[in-house]
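Encoded as structure tokens, here's the structure I'll be asking about.
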Amino acid sequence: MAEMTIATPPTTTAPPGEAPGRAPRGGRRKAAVRRIRRRLVHLLIVLIAVTFLSFVVIDLLPGDAAVVVAGDNATPAQVAQVRADLGLDRPMLVRYVDWLGGVVTGDLGRSFRTGQPVTEALAQRIPVTFELTIIAQVLALLVAVPLAVYSAYRPGRFVDRTSMTIGFGAAAMPQFVFGMVLIVLFAGGLTSILPATGYTSFFTDPLDNIRTIILPCLTLMIAEAAVYRQLLRSDMISTLQEDYILMARSKGLGPRTILLRHALRPSSFSLITLSGVNIGRLLGGTVIVETLFAIPGLGQMIVQAVFNRDYMLLQGGLLFVAVAYVVINMIIDLLYLVLDPRVRRDA
Amino acid sequence: MRPTMPRAEKAPTTATAPTGKHARREGYEDGALLTVDDVHVRFHTRNGVVHAVEGVSLSLSEGEVLAVVGESGSGKTVFTRRVMGLIAGSRDTEVSGTVTFDGSTLTELDAKGLSAVWGKEIALVLQDPMTSLNPVKRIGAQITETLILHQKLSKQDANARAVELLRSVGLSEPERRVRQYPHELSGGMRQRVTIAIALSCSPRLLLADEPTTALDVTVQAQILDLLGDLQSRLGMAMLLVTHDLRVVRSRSDRIAVMYAGRIVETAPTKDLFDAPRMPYTEALMNAVPPITGPNHVRLAVIPGRPPDLLAPPTGCRFSPRCPYAQDRCLTEEPPLRDAAALPGGAAVDHSYRCWYPVGTPENAQARRVNAERGETAAGTPVTGEMVPA
Amino acid sequence: MRIRPARTRSAGRVVTILVALLGLLVVVAGCGAAGGGKPNDGGPIGAVNPYGSDLAADGTPENGGTLVLGTDREIVSYDPTVQNSNMAAMAVYDSLMKLTPDGKAEPFMAKSMTSPDQGKTWDLVLRPEVTFSDGTPLDAQAVITNVQRHIDKVSSPAHAYAAQIASMTATDPYTVRFALKAPLGVFPTVFAQPITYGSLGLIVSPAALAQYGTDIGRHPVGAGPFTFVEWIPDSHATFGKNPTYWQQGLPHLDTLEFRPIPDTDSRLASIQNGDVDVAFGGYSQELVPALNNPNLKVYYGPGNAGEYLYFNFAKAPFDDRRMREAIIRGFDLNALGASQYNNRLVTAKSLFEETSAYHTDAASQEWPAYDPARAKALVDEYKASGGDPTFTFKTTTARRAMGEFIQAQMAAIGITIDVEYYDLAQFSSKVVQSNDFQLTTWVGGFDSPYPGASRLLHSGGNTNYGKYANPQVDQLLDQAAATSDDAARTQAYQQVESIVGKDLPVAFFSRSYLSTITKPEVKGIDRYTSRDMFYANTWVDR
Amino acid sequence: MPDSPKTTTTTTSLQKAAVADRDATDSEITSADLDLVEPVTGATATAPAKARRRRTPFGWYLALFWIAAIVISAIFAPLLPLWDPAVPDYNNVFGGITPQHWLGGDTLGRDNLSRIIYGARASLLVGLCAVLLGAVVGGILGMVAGYFRGRTERVLALVTDVVLAFPGLVLIIAIVAILGASLTNLIVGLAILSVPTFIRLARATTLVVTQREFVQAARAYGCRPMRIILREIAPNVVMPVAAYGFIMVGVFIVVEGSLSFLGLGIPPPTPSWGGMIAGGRTQLIEYPHISLIPAAVMFLTVLAINYVGERSRKLFEVRESNL
């Protein structure tokens, strides 16, 4: 969902705590491996459950894929033929097992509508969505982290209050309104300095690529940045209450060192989780931005696939989103291992 | 190390009152390393104003150990942090009084000036080693950053020095420790690390804020001995804050007893133990420490609760809990007075804050009065065990 | 005791920002509101260069360059047997025949098409110089192979036309003889249709068909002015100049790039911003601003039929003519125009558009005018005769405004209706195809009356979703299609239009708004009113 | 030497969480807790003490007033002297601000003010009901997961991950397509999307609360689990869930707007803010008020909700920096 940005509360992500000085020191690496393995099994089950769920949901959807493929002029017999051709006459479970078999061998089938292999469609769209997502995330973090750090350093002061108000405002507008405003401002309304629609691959024309993704990325990042700032600020203020910050201060370290070297890392766990969740979410659906700016991304593909009942394409898209979710969760877990030494030992 | 007479009735104004300047000069001429003059700290909270520290004055010479003793909430931690400058005035925090360290007025320094003193000249050891080390930084890095900052050591030299420091605080395998994270060490080991950090730049003054409260009983003595050992070896002055009068008996030169944000009695250690004047000090001494059970469980040894600093009692702050409290105690706050004039009060530099100081006829009279009516003037019942034998 | 520092956030600044933001929004909105309420006096939109620009007046063409074209939907397939709206198909295939403004067909890629026997058999003569871009010749066998695909594939939009062919023979390498089951005077027009309506005139290289099989939809090879380079769905489809194009010296352009921009407002923004050189508009919301923009050039023709409502003749209440008339009489076109067409609604009161030869003014006169009182009376009459006038109006999710409008209009004449919205997939299968509706919306313009009118009005016609059946109309339509006599055809269609005005099989209310919007420097536009373009002559005056 | 008993400390839930995180079984945590007894006030601010007001800021009242005004007028909309929000007036199409129509008219000439007030009903209903549903379901599941741990927790973690790994928009489209487009179904869809987050939040809080003495005591007395959850745990979980839920109300109001852009919002003729913004979008250049006025109302409302929510959260959680 496009604007579920705020849907993860910071509390969900507190890294697991543990008793100090208790665990055996030697088994650290082994424990980390065990932890990862356990997560992998869990996430594999998630994958299977999600793909199965999507088959069930698709099966429940009214509207007949065969009718859509056969076209408005088709006769019933012809629709039946199409249905048989697409294999839609078989029971759902059979189709699922069949599809799963294909997934294992790397065959995701073909789009009902255009006949394009689903793997090819994914290969065309994933880089686009990926670029958009990552750049938007990086921009959001670049804006949010300094603001959050400074706001936590001087809570209630000008920077904090102003960025909070702007942030609240950013979270109070649907994304498409921002997009519309940006188009009016930069693409054909007041000025014409950026393209309103279209996407050029980086490998085709790097400069054009940057020009085409500026507005979509800005639209995506505004609300994200607001949420990130709020979250990091809150965690950072909490960290700044810790004794070790007082200790660091008493050592004579300057505020900059304390904020960046001592407080930022232990404050960043929730932010990393949320950012990860958002990347996963955006990879699956920047639909509104893609539609508004005519970006050939995955979100548009998935939504169009639902509307066209292009089940194979939809199934492939959902599989990718689920895999992305799983992989990102793994990455977050690994990041925890890197960032929080306390997690490393325990499992 | 002479507590100057406070101007208790004077409303705190600004940090640079003429008296403050005078005190600084005087302290410097006396060779005092640290002079604290009429320090006040007030927090403006949602529920009212908290008088955390009220007109505390004291001084500390090079190489001297001063113990600040008081219950939780007596303001000793706030006082320590104010001395260091970690608490400064803000919209919610009102401060006044001066703190002079080695001739310079800390209370007039800006953040930059303070940073140059902190860690280098004055170091701090906090109560809880579990929380005072950064959980995501290696031990070594937490030690070396002061060395690199203040002593301009190279990273390599700093690392070598960190190992040395850990060895000097009695940690085994220091080479391995520097690469470990705090959670991999026990509480006692961590406190040794914080001490190593504090001592890394050989400060002239160490503020130890309840350095053993959070530790197991067996470890407490070790840490205190270590501190004492290092203090005498390095010849630094130490302000040892504790709630446990026992532990400072053999480890301090002087003791200042704090209650409700004020110093209620101050004397050389031996003198204080020989002849406590303030009933509160007496009560602290007579309180029987728990021998078994978790160390952190606080037993109600002195009846009543520490005063609410939002609405402190009028008169003597201790009066609601004092077995000798008379009517005067409830209305009139006693000033800090010199004990030299009292019977048996031969010692110099012994001040107390009481209308009926222990060991005087007035006190005996008050005790009798209260015993007769079965309760103090504040209405606290007087029980037999409260009366010292 | 927990001490809570009273860190209060001085609200002053927050309040200031809040008030400032509110003020800004109110001012912006107020500016709009102040200008609101003024009726747009532009009036109905008339035709503007409906068939493209005057090639001679455009000046000397320049060669080279890339033309970027924004389309309103993504291509489904380049296979002519797959129904979809595909603006790029003409670029790669060209067309054997080409429609003239009066709805007739003239030879284009073919040399000629004639009937020796009043439309029973037809001889299609091809140009020997035309080859597919893969080098194979566009000969009689190629045409037969392609037409056979439409015959075999029932789902082809052109299947209905092809099904009338009894036999095809190659009388010589470049001549195909079509023997029809019955005479069809308009047979050449089915070789000139755009891909959307089904056309036999888009010819795919048989070699490519053999190579790609069912995948031909993604690898088109034709004899058109451009050759397929790549297609990345939802991103772009690129075409390069065909060096062996049959028209010497053409095309002018080097490259065509089609970009799908499905969002109407974004599409308009793109042409205004200059992201694209050409935008294929679908709605009045982009046509009107483009007409008002001096920096844009617009090509538009209202076309026949247009936007209309289907009555379902198989279900109450619209099996009763009184109710059909009541709906039309209760439908305030001025209000509709004001609310949804910027007051520039091109009202439709007849099957054929006003300038068409098949149109008579009498038919327009006959069409029920807006008369809510009469509509109410008709509804009451229907009720009195035991009918229940309530019904469910089904439409697509994109037509919510229309749903709301009709609901309000019907309420005014005393009919309470439910409105249901469907996404396009459900709408096709659950509503229209399965005939499960009482009243629904449609957009369906056409250039030539055959097959357009037959598809819509002939019993069993493949867009006759309301199951309208009038033997007289069927006969007239067949007659019009069969005859080779223009005058007889005109008369037959005029009669059809007149009967339609009486039977009210559908409720016409608007012509279509299918437009081509270009930057002024784009020259040599050659188009149908369905927006489909011939790209060989297009050039850019840089 | 012993200290006297410490007075009750009002630690915040997050501090409790922090304490428990260190490990509730470690005997040393209490000493960490004790440190909170001492007022630790940071503020390196060198500025002299000034402005010691402790007034609630004016903006807070302003925000509360705005929310109250919207809610009250939405509730009493039928009693207010408003135009019928559903009846078109073709003389007022795109109408400007007039004494009759204070906020002008929309594409069908319906009164904007009336539609905004009636729209508040739908928009607030979506926000409130979806959050309420999600919070109740997610809250209960989260408490169950956090209390029982073990298999229950693992199954719920799986459910949570599955929902999160499924694109929300596809879920909404599917629900609307399967069950039909209606206010109720939209609420159900949004509630399903919010359940995982509430599960996680409630679970995290429950983990902390369960470690506390009164719960441990209740367990030791052999109280039934459901009783413990409802009597002991739920009261402690409600606050954080409610604080987060309050913010989510604003989020969902905005989400409804976004869904309207895709034609998946509240189906007409029921007016909703998102539907009004999306409906006026095509007239944005010529008649911006049709889109922008509801946009402004949505903006201010969500802003006010966020502002009040953030401040209420702070009331329960005071933290000061050591820096």
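Think of it as A, B, C and D in the order they're written, each chain with its own count starting at 1.
Everything that follows uses one rule, which is that contacts are C-beta pairs under 8 Å (C-beta built on N, C-alpha and C of every residue); 3 or more make two chains touch, one makes a residue touch a chain.
In UniProt terms the chains read A = Peptide ABC transporter; B = ABC transporter ATP-binding protein; D = Glutathione ABC transporter permease GsiD.
It should be emphasised that the depicted structure is a prediction, and the values quoted were computed from it without experimental measurement.
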Contact-richer chain pair (by C-beta pairs counted) among A-B and A-C: A-C
Innermost chain, where centres are averages of C-alpha coordinates: A
Distance between chain centroids, defined by C-alpha means - subunit A, subunit B (Å): 53
Whole-Å separation of chain centres (CA-atom averages), subunit B against subunit C: 88
Between subunit B and subunit D, centroid-to-centroid distance (C-alpha), Å: 46
Computed distance of Cα centres, subunit C from subunit A, in Å: 38
Residues within subunit D bordering two or more other chains: 7, 22, 28, 35, 37, 39-42, 44, 51-52, 54, 173, 177, 281, 284-285, 295, 299-300, 303, 307, 320
Contacts with 2+ other chains: residues of subunit B: 43-44, 46, 50, 52, 73, 81, 86, 91-93, 111, 127-128, 130-131, 187, 308
Contacts with two or more other chains, residues of subunit A listed in rising order: 18, 20, 62-63, 155, 164-165, 169, 180, 189, 242-243, 246, 249, 255, 291, 306-307
In the complex with subunit C, residue positions of subunit D that touch it: 7, 9-11, 36-37, 39, 41, 51-60, 62, 86-88, 90, 92-98, 103-105, 107-109, 173, 177, 180-181, 263-264, 267-269, 275, 279, 281-282, 284-290, 292-293, 295-296, 299-300, 303, 307, 311, 318, 320
Interfacial residue positions of subunit B with respect to subunit A in the complex: 81, 84, 86, 111-112, 114-120, 122-124, 126-128, 130-137, 145-146, 149-150, 181-187, 189, 194, 197
Sites on subunit D touched by subunit A in the complex: 14, 17-18, 20-23, 25-26, 28, 35, 40, 42, 44, 154, 157-158, 161-162, 164-174, 177-178, 193-194, 197, 200-201, 204-205, 240, 244, 247-248, 250-251, 254-255, 257-258, 260-262, 274, 277-278, 281, 284-285, 295, 298-303, 306-307, 310, 319-323
Interface residues, subunit A side, partner subunit C - complex: 62-65, 67-68, 70-75, 77-78, 82, 113-116, 121, 124-125, 128, 155-156, 158, 161-162, 164-166, 169, 180, 183, 187-189, 192, 195-199, 291-294, 296-297, 300-301, 304, 306-309
Residues of subunit A defined as touching subunit D within the complex: 1-9, 11-12, 14, 16-20, 42-43, 45-47, 49-50, 53-54, 57-58, 60-63, 152-153, 155, 164-165, 168-169, 171-177, 180, 184, 189, 230, 237-238, 240-243, 245-246, 249, 255, 258-259, 263, 277, 280-281, 284-285, 287-288, 291, 299, 302-303, 306-307, 314, 318, 321-322, 325-326, 329
